[in-house]
Amino acid sequence: MKCMKYGVVGFSGRMGKEIINVFTDAGHELVLKSDALGTERGGRPDVILDFSSSAALPVTIALCEGYAAPLIAGTTALGDADLTALKTLSEKVAVVQSFNFATGVTLLRMIMRDYAPLLESWDLEIEETHHNKKKDAPSGTAILLRDATGRKNAPTHSMRIGGVPGDHSLRFGNEGEILTFAHRALSRGVFAIGALSAAAFAVEAKPGFYTFEDVLNKGRKV
Amino acid sequence: MKCMKYGVVGFSGRMGKEIINVFTDAGHELVLKSDALGTERGGRPDVILDFSSSAALPVTIALCEGYAAPLIAGTTALGDADLTALKTLSEKVAVVQSFNFATGVTLLRMIMRDYAPLLESWDLEIEETHHNKKKDAPSGTAILLRDATGRKNAPTHSMRIGGVPGDHSLRFGNEGEILTFAHRALSRGVFAIGALSAAAFAVEAKPGFYTFEDVLNKGRKV
Amino acid sequence: MKCMKYGVVGFSGRMGKEIINVFTDAGHELVLKSDALGTERGGRPDVILDFSSSAALPVTIALCEGYAAPLIAGTTALGDADLTALKTLSEKVAVVQSFNFATGVTLLRMIMRDYAPLLESWDLEIEETHHNKKKDAPSGTAILLRDATGRKNAPTHSMRIGGVPGDHSLRFGNEGEILTFAHRALSRGVFAIGALSAAAFAVEAKPGFYTFEDVLNKGRKV
Amino acid sequence: MKCMKYGVVGFSGRMGKEIINVFTDAGHELVLKSDALGTERGGRPDVILDFSSSAALPVTIALCEGYAAPLIAGTTALGDADLTALKTLSEKVAVVQSFNFATGVTLLRMIMRDYAPLLESWDLEIEETHHNKKKDAPSGTAILLRDATGRKNAPTHSMRIGGVPGDHSLRFGNEGEILTFAHRALSRGVFAIGALSAAAFAVEAKPGFYTFEDVLNKGRKV
């Protein structure tokens, strides 16, 4: 991967810091950073990342337009108006938008969508385990994976243990066999690795509105 | 193990059949069988097994006394009067009594009793998975293992999948580590293998009232 | 599923017996049985199953032609000439041919073929566990799954424990995530359940040469 | 736990930094730090920790004697002369010495030592998974756990996947059951949490030479 110059909106938040860690480790150069207090510019970014809040979106869009820079949009609480604004932006630059940038989770969602229909007659049990500070249950990822199976009422078990970053599993079984699909996060910063793949994809892509699935499908042999 | 001559009370029930299967495979000889319809005698038994119901107990006790044969008592629904009768019998012959003859489950229970106190400050999540015909939840074994940890309120998750004979796990975790203890039955006839160990123990033992734990502890180097 | 009349070539072998067990439990009617000693006919079969040996193939093909009955061909040691003969037969009747009729294993192979290319940069470790009587290692299924990933040199670990019918797992991981795909057989007769799906498919299918994957894909919404 | 004043020998190394992180998070006060370049004193320590190298031991022992402070000795490459020196020190202060301060691993070792003899007739397979930068195989912890079972030739499988901090499992099985004992580290700094338990133990203990097992057994109800 060649060195990218990148900008981060929300650089001082938890997500912004993780992104900067992962991008710095991979040899990329931070040339622009922005948060609620203002924007520091140190060069023209090849790509801009925003995993902050919908409040920052107008600044983010202005920056992308100003630099003709593609955008990786990972903010989780976007409304319809926000998505419309991003789609308008995507007429000028590549925009990769997703509510989940964990590669493994996204692949598992794709596999469930493609293969759960062939497992329709099998029993299904879903489990997720997270650290004991997590308040909501089941996790958003568990719901997302369950929805992908098309079985919205599948029993779902939430466990809270110590410092577990996040485990998810879907087990299908019939009289003679069990098939298990499991994902385990090794750290809470997995999404930043996905953001890096997305950035590498976006700097090469034509203007357009892309999902994280589009980024992953790039890996397929044609 | 030398060849044992054995008798089975409740020989025509599901448990009786499993016992006969496992004992026959191991080369032992069935010389006495009894059920609600009567008793067939074909020789003097070295040991008698009863995994049937408390209704059969008077016959069982009379047979053990008559032959001075030790007893493996695996009936699950025994009342206080039944246990008193077995204790009286144990003054004359060895009696091994347990509500669970699965070796692995019993070992896990012993380990939980010995080690869960050292894991008191860790989170605990208990899981059990059984075939989708099982009606009660959580399983009796899950409750037995949970009780052994001394944490009667530990969260316990019951899953029902296809033809699973029976999985149980206890996961303890803190900020930095997870310890998992898991048992998996490979068939529904596990208890009969345990009954075989108990029988081999009983034919060598002095009169007395023994638990299945006593049978397993025989394996320790002194 | 409506009641099928079926025939079994190799009815007296281990595979034949498992098929008859599973088909009988599901309410189908055995009307023809054949082995090296001869053929007993009790009616016109809707479908014929042969999981025996290539030596039986000429008889099997003659029976299918005689009754215009579709064939489920699960014999594992077929040569090129055998496959050619089956293809010729498939001009007249539906033939479902596979070397593995375990549904879960076949689905896992399909998923690996479709998705392992997107996991190319991840580490991969493969494991299989079988009962301690199994002589060959790694198992044929482990090799089949490994081949489906396109990574013929992926490290593969074989474990031999007690009476395990057969577990397989593929674990992919990178710096931040682990994805696990696992299959567990609950009994050694899984293939017969797959043979039943294949038979239900074949009695409805036009003449042609089908794989077990074609049978499973029938489950997709169109 | 009341606030401890503590000293760290080897404070500038990787282990020293982890210890300071964990102790600081738990509210304890660093009052003395030492490394190859010298010693900075900022108060009288209640306990001193040394997880550095045997070269530092003379300084460490002098500090403990000077302050009459107990010692947590976690250096892994100690020779016989080093251990003798620590035993002499333990006549004056409490010394907790161990080659492994991971609580879960130590408990698992204790359980294996106590219970593996009852599983002697079961098959055993051992597995460990670590990050792909790890060079040695099997891991030291796998060897330590295997030795605790008394079965030095038990098959042991090493897997190297992405960023896994460290998983270990021991699976015992017979014809009808599998018992699995598994440990999973959630981060590479687990030992520092154990060092904290050891320090809390040592500040209350009489002079003497203690193992990490003595620290853990403190948790037992008497």
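Letters are used for the chains, namely A, B, C and D, taken in the order the chains are written, and counting of residues starts over at 1 for each.
The rule we apply is simple: a contact is a pair of C-beta atoms (placed from the backbone, for glycine too) under 8 Å apart; a residue touches a chain by one contact, two chains touch by 3 or more.
Since this is a predicted model, take the numbers as computed values, not measurements.
> Please give the intersection of the contact partners of chain A with those of chain B.
C, D
> Quick check: more C-beta contact pairs in C-D or A-D?
C-D
> Taking each chain's centre as the mean of its Cα atoms, which chain lies farthest from chain A?
Farthest chain from chain A, going by C-alpha centroids: B.
> Compute the distance, rounded to whole Å, between the mean C-alpha positions of chain A and chain D.
From the centre of chain A to the centre of chain D is 38 Å.
> From the mean C-alpha coordinate of chain B to that of chain D, what's the distance rounded to whole Å?
38
> Measuring centre to centre with CA averages, how many angstrom lie between chain C and chain D?
50
> Out of chain C, which residues touch more than one other chain, so two or more?
Only 162-164, 173-178, 186-187 qualify.
> Spell out the residues on chain C that touch chain D in their complex, using ranges where they run on.
Touching chain D from chain C are residues 122-123, 125, 127, 129, 132, 155, 157, 159-164, 171-178.
> Give every residue of chain A touching chain D within the complex, in rising order.
Its residues touching chain D are 162-165, 186-187.
> Per the contact definition, I'd like the list of chain A residues that touch chain C in the complex.
Touch residues, chain A against chain C: 102-104, 107-108, 110-111, 114-115, 117-120, 173-187, 189-190, 193, 216-217, 219-221.
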